[in-house]
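Sharing a structure, written as structure tokens. Questions coming.
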Amino acid sequence: MSRDAWNRWGEQDERGALNHIGSAQVQSAAGLVRSGTVLTLAQPLSPRTPVPRHRAGIQHFMGRDGGDYAAGARKPGGFQFAEDTVVLPLHIGTHIDALCHAWYDEALYNGFPGSGTRSTGGATRCGIDKMGPIVGRGVLLDIVAQRGGPLPDGTVIGAADLERAAKAAGVTVGTGDIVLIRTGWAEDQARRDMVSFDTEPGLDLEAGLWLAEREIAVLGADNFAVEVVPFAPGTVFPVHQRLIRDFGIPLLEGLVLRDLAAAGQGAFLFAASPLPVVGGTGSPISPIAIL
Amino acid sequence: MSRDAWNRWGEQDERGALNHIGSAQVQSAAGLVRSGTVLTLAQPLSPRTPVPRHRAGIQHFMGRDGGDYAAGARKPGGFQFAEDTVVLPLHIGTHIDALCHAWYDEALYNGFPGSGTRSTGGATRCGIDKMGPIVGRGVLLDIVAQRGGPLPDGTVIGAADLERAAKAAGVTVGTGDIVLIRTGWAEDQARRDMVSFDTEPGLDLEAGLWLAEREIAVLGADNFAVEVVPFAPGTVFPVHQRLIRDFGIPLLEGLVLRDLAAAGQGAFLFAASPLPVVGGTGSPISPIAIL
Amino acid sequence: MSRDAWNRWGEQDERGALNHIGSAQVQSAAGLVRSGTVLTLAQPLSPRTPVPRHRAGIQHFMGRDGGDYAAGARKPGGFQFAEDTVVLPLHIGTHIDALCHAWYDEALYNGFPGSGTRSTGGATRCGIDKMGPIVGRGVLLDIVAQRGGPLPDGTVIGAADLERAAKAAGVTVGTGDIVLIRTGWAEDQARRDMVSFDTEPGLDLEAGLWLAEREIAVLGADNFAVEVVPFAPGTVFPVHQRLIRDFGIPLLEGLVLRDLAAAGQGAFLFAASPLPVVGGTGSPISPIAIL
Amino acid sequence: MSRDAWNRWGEQDERGALNHIGSAQVQSAAGLVRSGTVLTLAQPLSPRTPVPRHRAGIQHFMGRDGGDYAAGARKPGGFQFAEDTVVLPLHIGTHIDALCHAWYDEALYNGFPGSGTRSTGGATRCGIDKMGPIVGRGVLLDIVAQRGGPLPDGTVIGAADLERAAKAAGVTVGTGDIVLIRTGWAEDQARRDMVSFDTEPGLDLEAGLWLAEREIAVLGADNFAVEVVPFAPGTVFPVHQRLIRDFGIPLLEGLVLRDLAAAGQGAFLFAASPLPVVGGTGSPISPIAIL
């Protein structure tokens, strides 16, 4: 039943809500640059980057390093170098979900069959390689500021919270916006010994749909799932199911939003670009806010 | 001997020539946006991404895919998902070299010891996690247009070529610029059965120094080493040695520049942001040109 | 249709023809030890281990090495160590195929559904972890000696060849035998610049069935597929299909048999033990001949 | 200082105490086979295989599986297959340490420099590829039986314990023996929620030296370090340092010994064969006891 954005940009479309961003939106977003301040919204990536239990983290291997030279490695022409390889889960740290990442009823966004994603080559449809760069108006909805502090785990952020936060930021959420929600979860986790992924503050489905109806292009947050955990009874990742699959809205997770919040500019030029892993279901990403 | 930029930004600096980009440069670069067109400059990443012989390519593994559901995997709450992991060399496809990537005489940029890069944790100094986002004025120097076609393998691009190309673009290369060189190598390789890394057109050292003296922030190209291969007799990666280590200029390799060249805009807003792998020596990257 | 060994050892059996080896066979095989000579039948494993085109080879990463100490790493209590990690395809070099590795008509050996092998956890049935150690009478059928030299690529080894080789070895192939076929392919490849996997000498289906009917436990060879390549017209891996899936006979590939052949002992104590990767479809293995 | 076995088998020797096993020992060990019972002494390998905190476990990726066929993958000639790749730390589960794994004073066994082990290619000396197969007399010293149950964490096993256990087994430990120590640690850990590697029962240095002086070939145990943890004050892995580096005795860790103990046969034919990873510092291994 729910195919809210299917066919809106043609039967073969694999970019979904990113189509809401046209050149006019980009021009207008470029005009938001004032101070020339550039902020990264990405977590560092390392074997210490937190992952849910029973999932593997990053492994980082040096193929050549300074120790090799200390131990006597040759230096033809004086040249010395270091290089490395990572074993990198694509949904780790600050990352974006491709439209092939989540679905229901065997159909992805725009009706492509889920069975088109297989072991060899990954997703034939809606892979992260189809997403392309994301440039547009970023909007920060700072729920921490609204609530006066990081939200306790399990706190539901509803549509009314989003409306209040938008009003406080002096922004009207609209077509093509890249909306970033600050819950304070990551900032709060940093103070703990061990990161828990079992519960977190986040959006309920109503809030997600409120944004989808405003035709946003991307939804991001500083928690790990955008949506509230635990889920509403009887549902599993309802915001993922509806926003990714039915509206074609990519989710951007694990953002670092404290410095952006401190800068006090509710709308800004946003730029991010996933690694175009062919058939990939997502990508670690280092988004930029240009103020 | 050669420590052209060492200490310029303090003894502890790990960002090198990126310090040439201040907020004024960012503001000014944002003003270059005209049509609102957004281009990616990145190659797709897959097991087919070419690598030099005897180096390993990417491996892409699906941890969950549509086939699992076709085979009967459970769907709690109707939720279906796919996820994946890559084994990813950090210097593959379109990527940027961190300042710890290349050095000589046991010292990295700014005098940090090469022995600070070890197996565990990688680079303690000048890792890719220290680089941060790159936003500024992009400048395209289209040598292919100058020469009337892709350059034959081994062709030297000298300072005079760069001057001519800048003039043709109506641009004066200056402080904080992100300079992109189009050699046509990648476009030419795409027409061959197998990519050769043994020889390619690229900059000679004089051309590299010409750019360094103009205080550019980043140097990129559409070949795999920026500099010409084979190297000048008796030298090995001379441009890497001098620009990265002595001037702190990161090299951006494997760019896709054909569409940017076709757009005919010599200066534009450039944005790119490496994965902040702690201690990493580089990062695959998906740079954006905003026209 | 073809279910030659299904249910022979019960509906839940996952060990197939290895059930042909009972304690009597082990006792008897131990009695074959004469000189006390021990030979390995395994290739070295490294990034240079040949693999078919478009398949990935081994990657070997050092997590700690002597270079780190040369560069100044701490040595608490004087202790120094080195450790490493491999990215290891399970069907590489000298390896054994688990009974879940090959099948047809959606059913594995003993009728288990092919759909029981999925991304998470691999094979629920007939994984390499169900195989256990292999100890019994090894029999070398030296076709190279029969033919007077390594067999040209594409040469068919038929049942008559096996009979002749068994006669020459003074052995009657029988229940529970671990039969090793020397084609000379690997020895011949070692003399070439690049290993070709497109064609090789090996068994035809008739020869494979001849062995299966003699109730052997394991079939091995010094080529990469045991069977002849190219396959008989209209067939793809017919020996794999029938022997693994219908007879439950594991295939042991990539053996090194020259020294064993030179030893001139046709029957010997054989011991090998796969890595018990839970749900794995095979394992690199280092078989031993004890003469 | 301590070079107890250096030069004993020549300046270029890389096999150490394994040289204690000659063909006479193998012949004699083969004569220990009675019932023809074959036991594996290996743990299963999977992402659940316990590892010390902050070390990475195994990752197991399917490159092709039954789900792909369920989703419609082609089956040329009817052939279906599954294959997989593991990211495999070489010191995990049941594994053997190569002689390059541990050292002190910058020198490995037989005086080879520690600096010969580097990022590229690993160990040039004493790598696991130099070890070869291990076949000989296995001896089980069952300390659990001696003490009447699994040893509490941190319990020291001394030389007197070994003597008593040998006596109970009716065995005199001697030249070329492969000695396996049962501490009960693994069996005890299996009953806990989470495996702790911070403390375990094991040998003290005196016990290790007692065995070394008896000219054993290999020392194994069912714990993760063979030696007691915590170490004696002021020492770090003293048994590793002395036995591996000074006596050339490989350590075999993480054995599964319960079934072997239950079988009640103190001496048996032992066979194991590491993966010959070129330059590797160890190997997961699946040892076999043949009773």
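The letters A, B, C and D name the chains in turn, as written, and every chain counts its residues from 1.
Here is the rule we go by: a residue touches a chain if its C-beta (ideal position, glycine included) is under 8 Å from a C-beta of that chain, and two chains touch if they have at least 3 such contacts.
Note that the structure is a prediction, hence the values are computed from the model and not measured.
Enquirer: Chains shared as neighbours by chain A and chain D?
Expert: Common neighbours, chain A/chain D: B, C.
Enquirer: Shared interface numbers for chain B and chain D above half of all numbers used, same, or below, different?
Expert: Here the answer is same, because the shared fraction of interface numbers exceeds one half.
Enquirer: Which chain pair shares more contacting C-beta pairs: B-C, or C-D?
Expert: Of B-C and C-D, more C-beta pairs in contact link C-D.
Enquirer: In whole angstrom, what separates the CA-based centres of chain C and chain D?
Expert: Computed value for the inter-centroid distance: 24 Å.
Enquirer: So, what's the distance in Å between the C-alpha centres of chain C and chain B?
Expert: Between these chains, centre-to-centre, one finds 45 Å.
Enquirer: Considering chain B alone, which of its residues make contact with at least two other chains?
Expert: 56, 59, 61-63, 65-73, 85, 87, 115-116, 118-119
Enquirer: In their complex, what parts of chain A are in touch with chain D?
Expert: Counting only chain A, the residues touching chain D are 47, 54, 56-57, 59, 62-65, 67-68, 70-73, 87, 115-116, 118-120.
Enquirer: If you look only at chain B, which of its residues touch chain A in the complex?
Expert: Touching chain A from chain B are residues 22-27, 30, 33-40, 42-46, 48, 56, 58, 60-63, 65-67, 69-70, 75-91, 100-106, 113-119, 121-123, 129, 132-133, 135, 231, 234-238, 240-241, 269, 271-282, 284-288, 290.
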